[in-house]
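Next up: some structures, all given as structure tokens.
Below are two complexes that have chain A in common, paired first with chain B and then with chain C.
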Partner chain A sequence: MNPATVQELIWAGVLVALAAFWPMMSNGYWLGIGVDVMMYTALATSWMLFSGPTHYISLASAAFFGVGGFVVGSGMSDYDASFWSMLALSAVIGGVLAALIGLATLRLSGVYFVIFTLGLAEMIRNLVSWVQNNFLGSRGLYVLTEFTDAHLYWMLLLTAGCVYLLGWIISRSRLGFALRIIGGDETVARHVGINTAMAKVILFTTTGVFGAIVGAIIAPRWSYIEPNQVFSPQLSFFVVIMALLGGSGRLWGPVVGVIPFLLIWNWVDSNFPNQSILVLGVAFLVIVYFLPHGFVGRIEQLRARARGR
Partner chain B sequence: MYRRSLFGLAAALAVAGTSLFAQDMIKIGAIAPKTGPLAGGAVVTQWPNVRLWVEEVNARGGLDVGGEMKMLELIEYDDKTNPGEHIKLAQRLATQDKVDFVVAPYGTGFNIATAPIYGKFGYPMIAVSAITDKMEELTTRYPNLFFTLGTTTAFVDGVKEILIEQRDAGEIGNEIAMVNVADAFGIELADRARELFGEAGFDIVYDKSYPLGTPDLSPVMKGAKESGAKAFVAWSYPPDSFGLAEQAIIEDLDVKLYYSAVATSFPAFKGAYGNKINNVLGAGGTNVDNPAIAAYRKAHMDITGKVADYWASANTYASLQILEQAIVGAATLDREVVTQYIKDNSFETVMGELSFTNNFSNTFWSVGQWQDGVFRGVKGSNVIGAVPVRAKTGWSD
Partner chain C sequence: MLDILVSGLLLSGTYALVAMGLNLQYGVARIMNLANGEVLVLGALAAFWLYTTAQISPILTVILVIPVAFIGNWLIYRFLLTPLVRRSKSQGALEVDSILATFGMSFIFIGIMVSIEGGFFFYKYLSEPISILGSTTSLNRLVAFLLAVLIAAALYIWLHYSRPGVAVRAVSVSTEASGLVGINVPRVSALTFALGGTITAVGGALISTFITLDASIGVVFTLKALIIVIMGGVGEIRGAIVAAIILGLVETGVATLVDPGLTLAAAYFIFVIILLFRPQGLFGRRAV
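Let's look at the complex of A and B:
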């Protein structure tokens, strides 16, 4: 992953500003898709912060997303807390959780890390259910607010913007440089004196924080939180596929992956309802065979070719 | 998910020989799980009734809306047991397909999650498979949402009444073994039960939860057996209601009262365990001797090829009858007028005469019991035909 340029940041700012008008131009179905696009953009970009430079494939998105939804649900229905305080709390809990997990597991590498993160969401779901059952008790986790899809869309857009900005800053910092070296060769990174564990934990923590924030923002949309739904493993796979489809070389990669993927997904879903899972598989094949570096890689390749001419 | 049922249209074309245009149809949207964790329940309780209703109405020539007969066109989607997906599809129904009315979703969470969306477009939602204690707050917030299957408290109350009766009859003592699935609904019911059973002087000597989807319920049942309680209550979901019964049979659980919540009323429950589960209590119930119910169950079997379940199937069909009668009664497809009509009138359904007070219909079964191959209602609210509870006597055929 190369450091992001100032030009990129300006473009991103313009895009965010334009995207903010979407709820005024659409409603109903297309606004709903817009919410999905923003949700996955935020999740995939924050996934990219960590997995892009380090090449650690994390399937833990659902774990943090679920924690965010659950904290909001539990806080608002059991303790009459406000949405905003719970949003803040979920960010803290998501961060702490990610840091603890990072400290314990980032020494794992390759497939061991992937498998561990896949099990993580399931483990946390059970843990959360156990805590709720034995200590909290519940009359159902209701998240009743006055938010409309437009409000949620803007909140998610803001979150996605923040993730991008943070990623931009990191990629230009010493930390970003260190991460790129880790991604290139971790042994070399250690030998040149980089505290690889610390760098990885910091990045993994930011992923956790943003995952939980997105989960918290989506909670009012679902209104009623059930652990087995917010901790759905499908979400983790979606995030990874969209990020890889976009390409992990650039911070803006996920955006170009999320939009086409969701459009195709929804089109297939409404026309060939029983075949929608097929889209996942096809996307995987396309990535492996045709777009190993995602759309981003292909775009840059074409650009380089155009320049060479 | 996306299938337009046009059999009615075809029939009408054959008979009348006239062409029907889209505006002569009433578009009905239905979204419920066909895949995912709740699909097992929805394909038993929800989907067959939607099809049965559409087919019956169209076979009658459609609905009389202000003197004009209109056929039903069904547009159905699978929400994959995912609330986000359901919300998106609901928006699609309203803004792309432009359906006239909707069938309320399957599952408590789904009805609550979609109430704002359906409310925004003015659809009346006559929820069936949704049980909550927050009814008042929810219906105030979403005046288009109607509840027909009872409250959490009513469900626990039904079980409590039976426990008290059986204690008075000397069948059971004060000790209860209680287990619950550690998921939203199970936790909620267990929480309420601890309060209500405690108030009634019962002692929950064994109180255990297990995670959703646990494959091995043997330790749970062994613990219940060791507790020595003569009453066993499980606030369970479909997969574990079956798993618990299986373990109870294996362990030969020595109780006089055995209750498991959701799915005990499914025909498949008896299909799996035959007469071993005779006198098992469960959530729901129905009165098969009622001629209206008997006729409904026969039509269900004839048209869908499936046995109706002994609980919410009839309520689901009744909710569609309410919608049908409200459209005909209001003589318009104007959703606001139809919603108001539902609030102001009473309806003749398979569940008897139903009406709403503060959007809540207080006619439902809460507890039923397998008695000689039929799951009969034993406790309920404003229902006729409750039979006396029998004590459980062993697990042999």
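Let's look at the complex of A and C:
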């Protein structure tokens, strides 16, 4: 067992334990930020599970997230189901949806996959609205629970921890090794006998499961759910930016990207609401031109330079 | 039924034009331009803005848009995308970089457009009803269709029967081989990218005469253009035309028979079928 990776896992555990105290030290505005941070950390880390090793840019986060939120909303207000059963159901639906998308697109080159996920959230939103308007009648869905922001925060922290742990296990398994070869050169991977399509579909399915779980957990925060709100395409771009800003090489990279980006975004959005979309654009350009390996890559580069001296 | 056929065909004319623009950018300059839809909306905004503030006819705007869009797109390629082309080691790495960079550009375009006009680009131009083959439609759709066909035909002739056109097609087949036979590949790529962007912006100005757009609608058009390009086969102009007609007809059919809110779902349906059964496109050659 490689001591460096075990050390990393211990550090992650300590960090999670420390993060669990946040709701006790803060309230109101800062607790809300904490929930956002946890939500995007879970989403960006699960995005990284798949896109980190394969370099496939997935824009499907909003679709899975929306499915999770919508399933909880629909189940709780239309069928009087409990929150927990709907949480489990949304994970299953998210996973199945991801597997189907994966089977259709991941056998082909990465471009098809990006294009397919680009409009996915919007398309599912159209379908859901259509079904609701024509067959279900109601438009708004209510999610009424006893949960406070602190409960949501802890659930999301737990989810993010699970995603990290799963990623850690995968990266040490045969599957993780296979994915790294696929990311290096897919043709080589195929020639050494790796079932590339299967490996990618499995990983993408876990991304779908966690996306839906996060969407389901966050649903009680809104209490009133509308398709336009849960299927916001912007969320997918947020996840991509945060993950890449942190750095796509390391599993803990997203955490480093989520916090600064959210703080900047909130500041711009409250001071210059009309210009906030420009922040997204600039962030993408910064990643491509100045931080191709994210903050983590830059830190490691500096560390290597210091060591070289 | 006839209504669907006529309006579907008229719609497909502009779709084909826009897809041709994207096809040039991706097939020749090798840039997966996901800001394509925003360039289209910029063209539409120009038409809307000049018509509502200065009463300049959208047809005239089309001519005005051409040099501006050409120079703008050339500058983008020269200063933002060329560094990415140079540093990329493989086609895959260039694709990831260009996807991220053009996302950035698309959001910047949206930001700029929102600050010019935050609402719908609504104006009325040539909206008198006319009758074609017993089906009633509006004059602006017909005019946009005819102009799109004219521009597409001119492009086709230029690509097939002129010396620079042959160079463009050579680069689309192989960048290395065209370099070896003395074609200045970076220059041809830059000019083709600019040309593609210009065609897209012109298409946007034409579309704005009969569809009301807004600043954030670009991604839907990017997606449709991409679906057409993939359906037709990358680098295939005839394929793009056939694919645009199919998409135009299916969309119009779904919008009139089922629900106008499902046009994107219809486009996705076609997309999935293509991906499952003919990923190289209707006219594309299978990759070796």
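As a working rule, the second predicted complex is superposed on the first by the 295 of 309 C-alpha atoms of A that agree within 3 Å, B and C clash if a C-alpha of one lies under 4 Å from a C-alpha of the other, contacts with A are read in each partner's own complex, and residues count from 1 in each chain.
To be clear about the criterion, a residue touches a chain if its C-beta (ideal position, glycine included) is under 8 Å from a C-beta of that chain, and two chains touch if they have at least 3 such contacts.
In this text, all values refer to a predicted model and were calculated from it rather than measured experimentally.
In the superposed model, A:126 makes contact with both chain B and chain C. By the touch criterion defined above, A:267 reaches neither chain B nor chain C. With both structures placed on the common chain, the touch criterion links A:116 to chain C but leaves chain B unconnected.
Contacts of A:79 after superposition on the shared chain: neither chain B nor chain C is touched.
After overlaying the two complexes on the shared chain, residue contacts for A:284 are found with chain C alone; chain B is out of touch.
In the superposed model, A:32 makes contact with chain B only, not with chain C. Of the two partner chains placed by the overlay, neither chain B nor chain C lies in contact with A:11.
In the superposition on chain A, contact is made by A:134 with both chain B and chain C.
By the touch criterion stated above, A:105 is placed in contact with chain C alone, chain B being left untouched. Chain A uses residues 126, 129-130, 134, 274 to touch chain B in one structure and chain C in the other.
The touching residues of chain C, when paired with chain A in their complex, are 32, 34, 80, 83-84, 92, 95-97, 99-101, 103-112, 114-115, 118, 219-220, 222-223, 226-227, 230, 259, 261-262, 264-265, 267-268, 271-272, 275-276, 279. Residues 27-29, 31-33, 36, 126, 129-130, 132-134, 137-142, 144, 148, 218, 221-229, 232, 234, 266, 269-271, 273-274 of chain A are the ones that touch chain B when the two sit in their complex.
Residues of chain B touching chain A in their complex: 1-2, 37, 77-78, 81-84, 87-88, 91-92, 94-96, 108-109, 112-113, 115-116, 132-134, 137-138, 141, 152, 180, 182-185, 187-188, 190-192, 209, 211-213. The touching residues of chain A, when paired with chain C in their complex, are 55, 57, 104-105, 108-112, 114-116, 118-120, 122-123, 126-127, 129-130, 134, 233, 237, 240, 244, 274-275, 277-278, 280-285, 287-289.
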